Amino acid sequence: MEKLLEVKDLEVSFKTYAGEIKAVRGVSFDINKGEIVAIVGESGCGKSVTAQSIMRLIPMPPGIIKKGSIIFEGRDITKLSEREMEHIRGSEMSMVFQDPMTSLNPTMKVGAQIAESLIKHQKMHSKEAWKKAIEMLKMVGIPNAEKRANQYPHEFSGGMRQRAMIAIALACNPKLLIADEPTTALDVTIQAQILDLMRDLQKKLNTAIIIITHNLGVVANLAERVLVMYAGKIIERGNLDDIFYNPRHPYTWGLLMSVPTPDLDKSKKLASIEGTPPDLFAPPVGCPFAPRCEYAMKICYEKYPEEFTVSDGHSVACWLMHPLAPKVKPPVGKGVTLS
Amino acid sequence: MMQNSIGELSQELFTHVGKSISEMEAIARPSITYWQDAWRRLKQNKAAMLGLIIIILYTFMAIVGPYMTPYDYRTTNPSEINQPPSARHWFGTDSLGRDLWARTWMGARVSLMIGVVAALLNAIIGVLVGGIAGYFGGKVDMIIMRFVDIMYAIPYMIIVILMMVVLGQGIMPLILALVVGGWLGMARLVRGQILQLKEQEFVLAAKVLGASHARIIWRHLIPNTMGVILVNLTMSVPGAIFSEAFLSFIGLGVVPPHSSWGQLAAYGAQVFRVYPYQLFIPAFFISTTMLSLNLLGDGLRDALDPRLRT
Amino acid sequence: MARYILNRLVISLITAWVLVTIVFFLVRLLPGDPFLSEKVTPEIKQNMIKYYGFDKPLHIQYIRYISNLLKGDLGYSLRYKNRTVNEVIKQAFPYSADLGIRAVIFATIVGITLGIIAALNRNKPLDYLSMFIAIVGISVPGFVIGPLLQYIFAIKLKLLPVAQWKGFAYTIMPTFALSLGSIALIARLMRASMLDVVNQDYIKTAKSKGLSPTQIVWKHQIRNAILPVITVLGPVTATLLTGTFVIEQIFAIPGLGKFYILGIQNLDYSMVLGMTVFYGLFLIAANFIVDIIYGIIDPRIRIGGK
């Protein structure tokens, strides 16, 4: 498969009055053309910052990309000028944000907001762009598209606005779509519709999608591969089955156990992960999850674990994978005892 | 990349330790209270500190200034009229031969006093009315706010001028007139704040836990609106000083032999083509006082708004 | 939109009624009834009784007062027997309106421009300069800036006429002196509004579309930032109109403000009250118009009837 995006050892920080917040601390991953990858984690784990760094939407200052590279189609995005970046944003890669209520301009017609990027990137005339905007609205499943294009965002419902946002993002047929919690602000029934829409469009247009979420339901619905982030690092990665049926990191176990399922064993109570993520002003030297981990060992507090390969494409940063570690039976997945 | 370090790691490192949540919960940032933090930021704001110093200086001069010269602010002297500033009369004399240094600082007393008293009264009434409307809500709120909104729609200066026409001139009528129309803004502000706070979880939690009205108001609502109230209060002092000056200028304010900066400026304006100092001295003090208070108010607003932390 | 206009109209009418009623009862509270004091000549007393109906019971007086106002009759002078408030307004208001309109336009354009410049250069010298001008503008009253301008540009430099209202050159200093405070207010508001909009999600959306900073500023930021500024145009008009009292006095402009101060100095209460009612009603009407303009510009109100 052809690589579209390669993030290598990315470090992003924010300078504040109290010091430096190390939001992303050495993250590496690849995205292939046309695949859907999910980045999962609690709020504050660095997933949104990672996504916005790819779009170069981090406000700088206070944000700063300290280290690493983001190679998109052979070009290192961290080294491009703001001008060059403008040509990539909206045309080669684009983004859908969490809250459709606030991410559309309230004083501009929806059609015009879609047409804008077409005029900018594809040098269309306004009439042509307007036609294309109506087409896009039809494509994302908005009925009466001709009329709707002439309306303002406040005349749209939440789900419709998110459809319009997707239309804006996909207008120039980008190679990469980053969706940052695209369904979190929506009703549950609407969530499923939006996910279906994204899957359909991905098939039709062959756009690669990075979906940022804390909701494993969304992941199971959409993603082919999953990156689990914690405290600015990727702690486990694998394909969908690896993560759901053979998870290896205690944090991933915690995430999976906190998902309610209909066939949930009544004797087991729905688990939550006790405690809060570490302060990123002064991240711990060892594994950041150790203080919340019931399997934590002495080494976990002293040294950050190296990445252990479980199988092809599935790896995990956890000392439990070390041959000297005690054997632990995972509480979730298919119950494979760790070797 | 795996298993490259077996040799270096001892079995001992892999003994089970488990969670240590309590240790992790320790707060990593130095903890300072809201007010300490605000004061720290206010001190860093040079313009605001300059404003504060000037205000303190003027207040001090308003107290002692009139006694620094042998001349009384009321005594006229036909042989020394319209004297320019000199070693004897530091700010010169007016058309009746009164010493302007004494009149300026007596005027400072009146102007500053009117500004502070009017602003304070406005704040007290505004907080009470706005607080009651916001906290109790429902019909009480509706009736109060309808009234406030309609009063608010009548231009402030129109209300003040009407009151002055009816009450007659003088310092007390002036304060009363400024207060009649002045508390409305604060009431709207406080009501808005209280309405927002009331919906927040910590207030709901306090209610569920059975806290009394008094306790909720005193422990939760007041501390959380104090910042906004303080900023608004600081900003309304220059407003009141300006109103006093404006009214005195158009002949509706403080009457002689009392003096105020606005009144001095009004007299000065009549003769300034011949004796410019008679206008520019009070004008300078009015302008720098308002500037200082505005700078201080801006500084306070920035210092008290945690959203501006970077 | 129709509901919005109706709502605003009803509020304006109620406000006008409250104002008029307050004035009516305040007049009854006037100390020592100056309207009928011995100093007033018999003919003028006749005028007063005719207008206010002092010889009738209170409710009749009230009805008479309201119906006089509805007819557009604002009353008589207490000092000059053949002068009515209406005449004075007819004669003097055009000057005040001319000055006022110039000042509103000047203040809006300069204030918004200054605010935009400041916001786009946030925490840079240009921002500090604009905001310094603004805070000085808020702090220095018109009756200080007016004479100061006269002193510098007319007396010392002899560039502009000192006073009066006889042509464009005569309008420059009064317009500037009158609008400085409002320029400052609008500039500060515009800056704050621009900085608020910059943090909105839709600006991030615009950026993620690949628009350039200039395109974002012109197409997304300014348009949204101007909306809240429009709402203060009502109060700004009020400030400017009361400001004309002082500015007309200083620059010897034969506008309504000059007569207002004259009325106060002559203790011509009836004149002052009549003009105050006129100003009050005028400003309530101005506020109403600003609300309607706001409704037209903001699509959330235009189509939605919020």
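Each chain gets a letter, A, B and C, in the order it is written, and its residues are counted from 1.
Everything that follows uses one rule, which is that contacts are C-beta pairs under 8 Å (C-beta built on N, C-alpha and C of every residue); 3 or more make two chains touch, one makes a residue touch a chain.
Protein identities per chain, from UniProt: A = Oligopeptide transport system ATP-binding protein; B, C = Oligopeptide transport system permease protein.
Since the model is a prediction, treat every value here as computed from it, not as a measurement.
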{"item": "Between B-C and A-B, the pair with more C-beta contacts", "value": "B-C"}
{"item": "Chain at the geometric heart of the assembly (C-alpha centres)", "value": "B"}
{"item": "Distance from chain C to chain A - Cα centre to Cα centre, in angstrom", "value": "53"}
{"item": "Centroid spacing, where centroids are CA-atom means, of chain A and chain B in whole angstrom", "value": "47"}
{"item": "Centre-of-Cα separation between chain C and chain B, whole angstrom", "value": "24"}
{"item": "Junction residues of chain C, two or more chains touched", "value": "none"}
{"item": "Interface hub residues of chain A, defined as touching at least two other chains", "value": "none"}
{"item": "Chain A partner contacts - residues on chain B that touch it in the complex", "value": "1-6, 9, 11-21, 23-25, 27-30, 309-310"}
{"item": "Sites on chain C touched by chain B in the complex", "value": "11-12, 14-15, 18-19, 22-23, 26-27, 29-31, 135-136, 138-141, 143-144, 147-148, 150-151, 155, 235, 238-239, 242, 245-246, 249-250, 260-261, 264-265, 269, 272-273, 276, 279-280, 283-284, 287"}
{"item": "Contact set on chain A toward chain C in their complex", "value": "55, 57, 82-83, 85-91, 94-95, 97, 99, 102-108, 113, 116-117, 120-121, 151-152, 154-155, 165, 168-169"}
{"item": "Parts of chain B lying in touch with chain C, wherever the complex brings them together", "value": "149-151, 153-158, 161-163, 165-166, 168, 238, 242, 245-246, 249-252, 265-266, 268-269, 272-273, 276, 279-280, 283, 286-288, 290-291, 294-295, 298"}
{"item": "Interfacial residue positions of chain C with respect to chain A in the complex", "value": "200-202, 204-213, 215, 219-220, 223-224, 227, 298-300, 303-304"}
